[in-house]
Structure formats: C-alpha cells, structure tokens
Amino acid sequence: MDKLDFRSKEFNQTGKAMYELAKELFPIPRSITGQGFRDSLQILNKTLGGGILKFHSVKSGTKVFDWVIPPEWHINNAFIITPSGEKICDFKKHNLHILNYSEAVDKEVSLEELQDHLYSIEELPNAIPYVTSYYKRHWGFCITHNERKRLKDGIYKVFIDAKHNKEGVLNYADFVIPSTQNKKDEILISTYLCHPSMANNEVSGPVVAIFLAKWLMSLKNRKYNYRFVIVPETIGSIAYIHQNLSHLKNHTKAGFVLSCMGDDNAYSLIHTPKENSLSDKVALHTLKNKENFKEFSFLNRGSDERQYNSPLVNLNIAGVCRTKYGEYKQYHTSEDDLNFISKKGLMGGLQAIQEIVLNLEINDIYQSTTFCEPNLGKRGLYHTLNNGVKQKPISVDFLAYCDGKNDIIDIANILNIQAYEIKELLEKILEYKLLSIAH
Amino acid sequence: MDKLDFRSKEFNQTGKAMYELAKELFPIPRSITGQGFRDSLQILNKTLGGGILKFHSVKSGTKVFDWVIPPEWHINNAFIITPSGEKICDFKKHNLHILNYSEAVDKEVSLEELQDHLYSIEELPNAIPYVTSYYKRHWGFCITHNERKRLKDGIYKVFIDAKHNKEGVLNYADFVIPSTQNKKDEILISTYLCHPSMANNEVSGPVVAIFLAKWLMSLKNRKYNYRFVIVPETIGSIAYIHQNLSHLKNHTKAGFVLSCMGDDNAYSLIHTPKENSLSDKVALHTLKNKENFKEFSFLNRGSDERQYNSPLVNLNIAGVCRTKYGEYKQYHTSEDDLNFISKKGLMGGLQAIQEIVLNLEINDIYQSTTFCEPNLGKRGLYHTLNNGVKQKPISVDFLAYCDGKNDIIDIANILNIQAYEIKELLEKILEYKLLSIAH
Amino acid sequence: MDKLDFRSKEFNQTGKAMYELAKELFPIPRSITGQGFRDSLQILNKTLGGGILKFHSVKSGTKVFDWVIPPEWHINNAFIITPSGEKICDFKKHNLHILNYSEAVDKEVSLEELQDHLYSIEELPNAIPYVTSYYKRHWGFCITHNERKRLKDGIYKVFIDAKHNKEGVLNYADFVIPSTQNKKDEILISTYLCHPSMANNEVSGPVVAIFLAKWLMSLKNRKYNYRFVIVPETIGSIAYIHQNLSHLKNHTKAGFVLSCMGDDNAYSLIHTPKENSLSDKVALHTLKNKENFKEFSFLNRGSDERQYNSPLVNLNIAGVCRTKYGEYKQYHTSEDDLNFISKKGLMGGLQAIQEIVLNLEINDIYQSTTFCEPNLGKRGLYHTLNNGVKQKPISVDFLAYCDGKNDIIDIANILNIQAYEIKELLEKILEYKLLSIAH
C-alpha cells in the first residue's frame, strides 16, 4: 500500500470534488425509503465511475429480526395556507418542512389543532428541525420557531400529498474493493444516506466514504477487502445485517461507521462496547493526537454502530466523526447546511479515515530474527560515530520491541509515531531479513 | 423482591423503633462472655418476635483453631474509695469504669500503685475509655482524665467483685432467613455484641442487623439465604468459623460485617483483601455516590472481617459502616453514647444495607435474545417520534450491554444508576422475552 | 542472609575504599579492546583478593550473532602541533583527546582539513568530549570548544601512533558467587569497563559491582547464585551472551546493569520492556521511596540492557543508576571526572544494590498455616491490653496478606515498608510455624 501524500495537488482537488458532491446530494428529499434514496445512490455510483455499487432492495413487510420493513414513502408536495392566504412550510422550498414519513392530509384546521402538528425549536428560533415518525402514522410540519410565533388565530389549510406504499421496497447498496493478496479478512465501512437536506449529518458521511473508495481502488496493494455499506440508518443496517450476518461475522476484522465527516471543529471516536477491539485500537492510535480529539464511550453511540455492536451481532465497529452528531447545536436542523461543512473539513475527514486504513494495512506482528541487537551501522541504519549524546535512531527502538507479541500499532504508540510512518524503514528491515512475521 | 420505599411512614417508624432498641441494649454490662451478652441476645430475639435466633455455646477451655475459649467473666460490682471517703469509678454508675475482664481485687493501695491500674485519655479529658484484657489477668479501672488529675496522695481502697469461671461458656447466636427459591447460596450478615455501654460501636450494628432481618422476613421473594451471625468480636467469630467452616466455604456468596451503623456523618466500606469480590463490588456500587463515602483498604480492617478474610478462611466479607470505627474521636469511650447516634443515622445505615441486598438480589447476567436492537417503540419502551435530540431511553442502553458477560451491577455502573432501579424495566423486558439468563 | 548495617564503621570505610579504587582506575586509557581494558580487569581482581575473576578472550574476526569482533586497538601516543609549534590534544595529558579507536596518522594538514577531524561541544566549551568510531575507520581528536576557537590558519602536524591488530582479542571477565543452599537460580550483575578517563560513567559501575561482590562473599547465607559480568559495552555483552546464552536463559531469575553509580543526585531505574518482571519489581520496590527517584521506560535504555533484553534473548534485566547516563550534562565528557562522584555517592549506589539483593533474598511466597488469625498475643507478637486505639502491629498485617499468592515484596508494598525489614519478624513467625512456603 502506498503512503498517503497529504500535500499533493491531487489531494487538494479531492477536497473540491467532495464539496461538489455534497452540493449535488444536499437538496434531494430523502427518507429511509423512496425515490430520493434511490436517486442519491445513483449519484454515488456515478461518482465512482459507474458499475461499482451493487443495489439491493427488501420488500415492505419483510421481517428482519425483530423489525418489519415499513411501507415505502412517497412525498410529492406539502404546504400550509394561513388565514391571510400566505403559503408557509412549503416542501418545495425546503424539504425539512415535512415531518419525515408523514401521512397525507388535506383539510382545514384551527390554529389550536394545527399546533399539535407543528415542530420547532425555541432555542434555535430560525432553524427548521428534522423530525421523523417512521413506525407510527402522524401528519406534521417542521417550522422555525420565529415563524410559529407569528401565527394568528383562524382557519389554516393543511395539505400533504404523501403515500405509504405497502408494495414498496427499502433500498441499499454495497460493494467490496478486494484484497490484492487474496485474503479473506474484511474492513467494514458503513454510512447512511436517509437524511434529507442536511450537510454534516449526513451527506458528509457518504461523500467521504465514496472518496475513500476511489482512493482504495487506486492503490496497488491492499491486504484487506474493504466492504462499503450505504444504507438508510437503523432499519437499513438491521436489514443489511439480516441478509449478511454469517459472512460479516466470519470476515469482519474491523470497521467504522462514518458520520458527520465534513466540519472543521473536532475529531471524534465512538468506542465499541469492548473499547479494545482492533477498530478501537487503530482509530484511537490514528486520531488521538489530532486537534480537538474527543473520545466517546459506547454509551454515546447513536448511529448504525448500535446494530453492528448489538450483543448477538458483536462485530466491534467503531464510529468516526469530525464533530460527533448531537455535539453541535445545528445538528438535525436546517442550520446543518452547506456552510457548516467545508472542503478543508471534508479533507480532514477523508485523511483521518485514510490514515486509519494505512495503519490497519501496515499493522502486523513481527519477531526479531537475530539474538541481541543486529549491527545496524553496517546497513546504514545507525550512526557509526558515537558521541553518546545522539538519540538512538528509530530503527533500533522499533526492532527492540518486535518481540512477537507487540503489533506495529503497539510499538508506534510506544514510539509516539503513526504506525504507517514506519513503512519505509520496515521495508528496508524486511529486505535485510532482520524481522519475520510472527504468526 | 419488592422495591424499597424509603419515604414510607413505615420506614420512618422503623427509625424510631431502632433507636428504642439501641436504648434498651445500651446500659447492659456486656463482655465477650457472661450474663450481659446472654441478656442482650434475648432482647434481640424478642425484637424479631421470638423463636428466630438459634443460641449456641462453647465451653471455656475449648480449642478453636489457634485460640482457647477463655473462662466466663462475672462482674457484680467495682469501685474505688478515695482517701477522703468518696466512691469513684463506680461500676454501678457506668460499666465502662471496670477494665473489661478485670480480675477481682479487694485491698488498699497507695496512689502510686493505683496509677498503674488506671486508664484515661489525656486528649478526651471527660471521657471514660473502654479498655479490655481478655487473655492476660489484670485488675484495673477506667476513669476520666480530669478526675484522675484530681486524685491526691493517700490510701485508696480498690474493690472489684469479679470471677473467671473456667466451667463457663462463650455464647453466640445465628439464624438463616431462607431463600424463597430453594437456592443454596448464602449472604452472610455478621455483627458483634460484646461491648458494654457504647452506642455507635456497637449497639448500632446488632440493631440494624435485626431490622434488616425483620425486613427480609417480610419480603415475598428472596433469591439468597441470609445467614445472620451475632457473636462476641474476634473470639466469637473464630468460634463461629470453627463450628461452621465447611458450610460457610461452600455456600457464602458475599457478606458484610455491620459495625458503627448509627451515626449521621459518613458511609464507609472496608474492602476485602481481593478488593474485587462480589461483596466489594455490590457494596462499592451501592455506597459510592452516598454523601461522605469513604473507601478503606483491608489494611484498615478492625472487626470480624479479620477472621472471615484470613487467608485459609477466605470468605470475602466486606465491612460496612456509617463512620468507621477508629475514624471518630469518641470511638471506644463513654462519649460514644446515645447522643452520638440518631434515628436518622440508624435509618441511613439500614437503608444502605437494604440497598446492598436489593442490588445483590437483582444482580444476574443476561443475554439478548434478538440480533440487532429489538424494536422497543412497538412495545412502548422507546419514543416513536424522533427529533434526534431526545436522549435514548435507558431501556435501549440497558439492552445494549446485556451481552452475557456484564452483570446488572456492571451495567448499572456504566449507566450511573443503582442496579435495583432497573427492576421494573427488567420485568417488562423479561415479559417480552428480549433477554434470557446467561448462565 | 544478614541484614545490612548501613551505619557501621565498616560501611563508612567501604565508601573510602570505593573512591580509592575509582581513582586507581580513572587514568587508564581503556577501549573496548586492548591493554587498558586488561589492566583494569587485573585491578578489579586484585581488589577482590585475587583468584576470583575468570578471564576470557574472543579472537578478533570471530562472528558473534550479527556482529564481528573488531581488531584489537593499540594506542601509544597522539598529539597535534600547531603552526606556532604548540603541542595540543596531547593523549599523554588526557586520554579523551584521541577519537577512541582512531586509526594512525602522521602528516601535515591545513586548519580546514583538520576541522573535519576535531570534535568539541559548543555548550560545554571547557569539556573534552568522548567520541568513538569502533566499526568505521577514522582518525580524529577531541578538544575543548574554547581551544578549538583559538586555532589559527596554518599548517598543523597531526600524529597518532595507533594500530588495529586483526590477530588481537576482546577481553572480558566473569565470576559466580555461589548459593549457599545449592540452588540453581542466578542473579546477573553486569557492568562495563571500556570507557577511558570518566568517573561516573563508568568507573563507578565496576567499582560498586566489585564491592557488592565483596559484601556478598562475606555473607553466611545466599539463596541465589550471583553472576558478575564485566565486559566492554555492547560488543562485550553480545559476545558474553553468545558464549553463555543457554545457561543464562535457563538460570537467570533477575538481573541489573550497573552504570553511573557514584554521583549524589538521584536514583534511577531503567525498566525492562515488560516492566513487571522480577527485576523491575524488586528494583522499583527498593528505589521508589529514595530521594529524587526517577523511573525510565525501556525506551530510555542505553547500555547492555539493550542486549540482555533484545527480543530473542529476553532475560528481563533492569538498569540501575544514581543519575542516569544522558541525564547529566557532564555525561561523556572530561567533566565527568573524579569530582563528579563522591564517597557518599558511591555508598548510596552500593547501598541501593545491596538493598535490592536483600529484598530478592527474603522474597518468597508464604501461606498461613492456621485458620483465622493466630493468637499472636500469647507469643508476644501483639499487645494483650486493648484500648482500640493502638495500631495493629505489623505482625498481624503481614500474616493477613500471606495467602499463598502475594510474595513478600507485594506485602511490603502494601505495608509501605522494605521487604528486608520484615526479616526478624519472619524468622520468629517461621519458628512458631505460623507460615509455610507456598510453592
């Protein structure tokens, strides 16, 4: 696997391209089922050059473990006409105005009755909140708190043109970028695509995942298979696990749910319940020295890691974010928009997961092949003139810890470097046959 | 097992009843053997309604492991007549005036000789200290330091009417409140009853133990058998272990020595040597968030946990106190009197050990029965309308950690609640068959 | 093993004798091979009374693991004549002036060319640095920075009368002070003797080692065999391990590299890679409460512990120093002279390693032989009169932790005493048969 050049022109162009993709995905009215979700998957497929994503569907009504796939939701239009004839909460202007999965309605109601179907946030008076009701039928609108306060008594016309199709489907996609070494072990990269017009949560997740895939496909060597999963959140990952449980359990070595990958404020790790799985270890190693790094226990989980780590599934999948969902006030509102993310933010998110991959790829357990320290000076790996003050070169420290028990991440933690930084040195050392794989 | 209602009227009446029992026990002249000890046991038996305590005796001279049961001590009267004819250190006025286990004496002595037989505390000049000499024959008096300083030269008459009866016995009592589920595992509750007129150390220990027993007997369900042991300190627990060693080793799952349970200043845990036995775990979980909680290592032990945890006995019994013996200045003096304890203090002590019992009773290891998270919304255990800001309900967090390895106390520690608080939720979840016992 | 009397007159005389030995060794021009090394070994042997050290040699050109024994170096004379005719960098005045292992030279050079062969330290302008080039042929001189700055343009005569003899040898010595109990386990004491005129690093190491040996030989009882190894650093320990690998692996229970043992500023422990071997445990226990104690990870290693702990050798040998090499500015310069060490400093170093030995010798795992606490009062090991305030004596705490799992160092750590301080008490307890060896 090639080392990442984070300062290359190509890498900078990647930031721009990611932001463009986010812009293209942003306005589409998505939900956990329906046309918006399918359209979004097609855009991702096109970005990878086409023919990469494998599309799957599960029929509404299908039992998946303890759940049932809901009817597919179609939403065409929705608005309210005020007593003074003004059209507000217009779905065509902002798709967050509709309660996601709302049922249809077409009637006149008093303000009092209407209030029971409005959702707003007092603390963020200019934001439209994102509210869903997938498994219980309601109708409703999301509205800024300022606009809500202006509503006067009188008769309101409420109109929602929506359908719940029991003959519909739930869609998702996956694909595997194969190991170049014919190995069976997989790294799982999972992201969700069901939220409508919000930028950090969630289009940044699929955007970074797709550019991670592009980069992985460009590499000459890959030890692992990389399984990408793009689903609607919760019900999608449950359906995915339902269809693929035994394969996932047999092959998954580590994995990450990517979410909120595009802002510029922090790096976050949501631990697995065990806190010491390979996923935890490599993500902590990679992220711990980044600016504003925050570590969260599994108690703070909130996305598909809930399903992947449920007791009987138990895949040890960590969550990786820039600023974690729920940790910024714009979260789940119209203020999580394209201004909240940036090229730099997306690039930071991509770089973080690329470094995680580089660290996974290089990680292995090696064992010294010589008794005592080898003579590194004669191989150009140690200074030959010794004044006792010069620091020992990293070569000698690295070899000293290759005891057949520490893996490279363990040693890199001791040496306070990133595991992937050892790559060039490791190659020289392997050429000199000073180490052998320990297992 | 029913949940404890700490605000009930009944519970308040309990505080009053406990204080009354303490008052009744307080004045009796007790020692490690003799009539005072037997009288005190009878009062405890009566408090439980009679017929509950099983009385045992071991003959003086009996070898119990490395020890020999001492002769039984009889004390009738003791005093000193000063040169001016004043009667001081009058046993009839305060039974702490006599060196506990003192031999008889009836003679005249100079002040100089008398001084060798007086015990007082310079730092607590108005307190009569509590001093004992069980295994070496002495005569002596305990006196306030202020009174001692007033003694003038001259001839003193010292009179102690005491006997050491080699044909006597050492008494103790025990009883078991049985499991309602026919299980064999026992929880040991041990307390000592040999100290004369002191309130926190020690009548509060037996008082709380007896009211714990009353409450346990009132419960409809008990997973465990509860073994209560009421002994003279040290020699009594050694004798008890000697008579019951193999039963205790086979059945004891956890246990607690109750001592100093009636003041209102702190909650204390004395750890077992291992520090991570079930006794340690449940007591730490229960007490750690209480006001003025103090954790002590086994190095700070001082009561019968010394015997229960001695290397070959090894029962893993923790100590539970309000303010620990040795940690308050009135300890082992006449100032540890009925004013030092209170209804509220005793109620706090009882509540602490009741909560420990509730946490023990609910504790078990469960395993999820469904792959992925179950659909809690359809069972009323999760909100169906989701704005992404609402906290996940405790139901989903609880289930996420039921992995067949964590027990309920582990999970309650993660969720920062008391294990017994999960009871109602657990019952619902078990009704829905979302969990099964893991072992 | 007798307890150490650190205040004895004999012990004070030892400080003086150690300093005298350091003075005798100091001026000898040593290197990793050659006459200076052999002369120094002879002085050590004489100090022990003769006939103790076993001398070994390995021929130049011999392969030892990944290394080859270098030619033996002979150095007779070296100096520079300045353009004004002054003789500087005179080897006869200070043997640090010569680049250690320098090749011969006899020619005239410009100042510019000369500069490439001079070594000085800007930050320590009056110090001659110690520089070596064992495995690559150079010629060079070490000079104070102040003198170097005074050098003027012109033609310099450089003269080095040195030889590299391919038919030479590398010398080292070892000896074993045997167990008086016929046991096989060994404690390794390793020190190096290749540095020329420097005092803390290194003559203090061999000096303390030799006086440790003297003391060990004077003892009536020794549980362990003590293997002393005196080698040139790095190549010497590699050669030693090469000749003795299987014996060392089979018998070494713990061990210490002694270096920088003569200054008065700190006590230092360099951990093994595992950090919890017996060597780490006993050294940490012994040193942790000493003034200015510093703990270093294996990352900070720098001496022969590098070889002893290399992954396939894996002997778990810790480093013990007063102020660790590299941690004082005079290190590896002419300012690490006889003023940098002191009688008191050497005595502190000797005492530290003697205490380590005492703690190793007493350390064992014991198990109580009685159920419950034994009656210590009847054996004079506990007060018989109890006022509840007196501290439990150490006897009862010590026995409470003798559970067949804790060793004496574990218990001493709990009791916050030195393991060897328990000796007298342990002997009494063993006499009373209250403990038996657990393994």
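Per-chain numbering from 1; labels A, B and C assigned in written order.
Basically, a contact is a pair of C-beta atoms (placed from the backbone, for glycine too) under 8 Å apart; a residue touches a chain by one contact, two chains touch by 3 or more.
Remember, predicted model here, so these are calculated numbers, not experimental data.
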C-alpha-based rotation, subunit A on subunit B, 0 to 180 degrees, nearest 5: 120
Same vs different contact residues, subunit B with subunit C, by half of numbers used: different
Centre distance in Å when subunit B and subunit C are each reduced to the mean of their C-alpha atoms: 55
For subunit A, residues contacting two or more additional chains: none
Footprint of subunit A on subunit B - complex, ascending: 367-368, 370-375, 377-378, 384-389, 392, 396-397, 399-404, 414-415
Residues of subunit A touching subunit B in the complex: 64-67, 119, 129-136, 138, 234, 237-238, 241-242, 245, 273, 297-299, 301-302, 306-307, 309-314, 325-326, 331-332
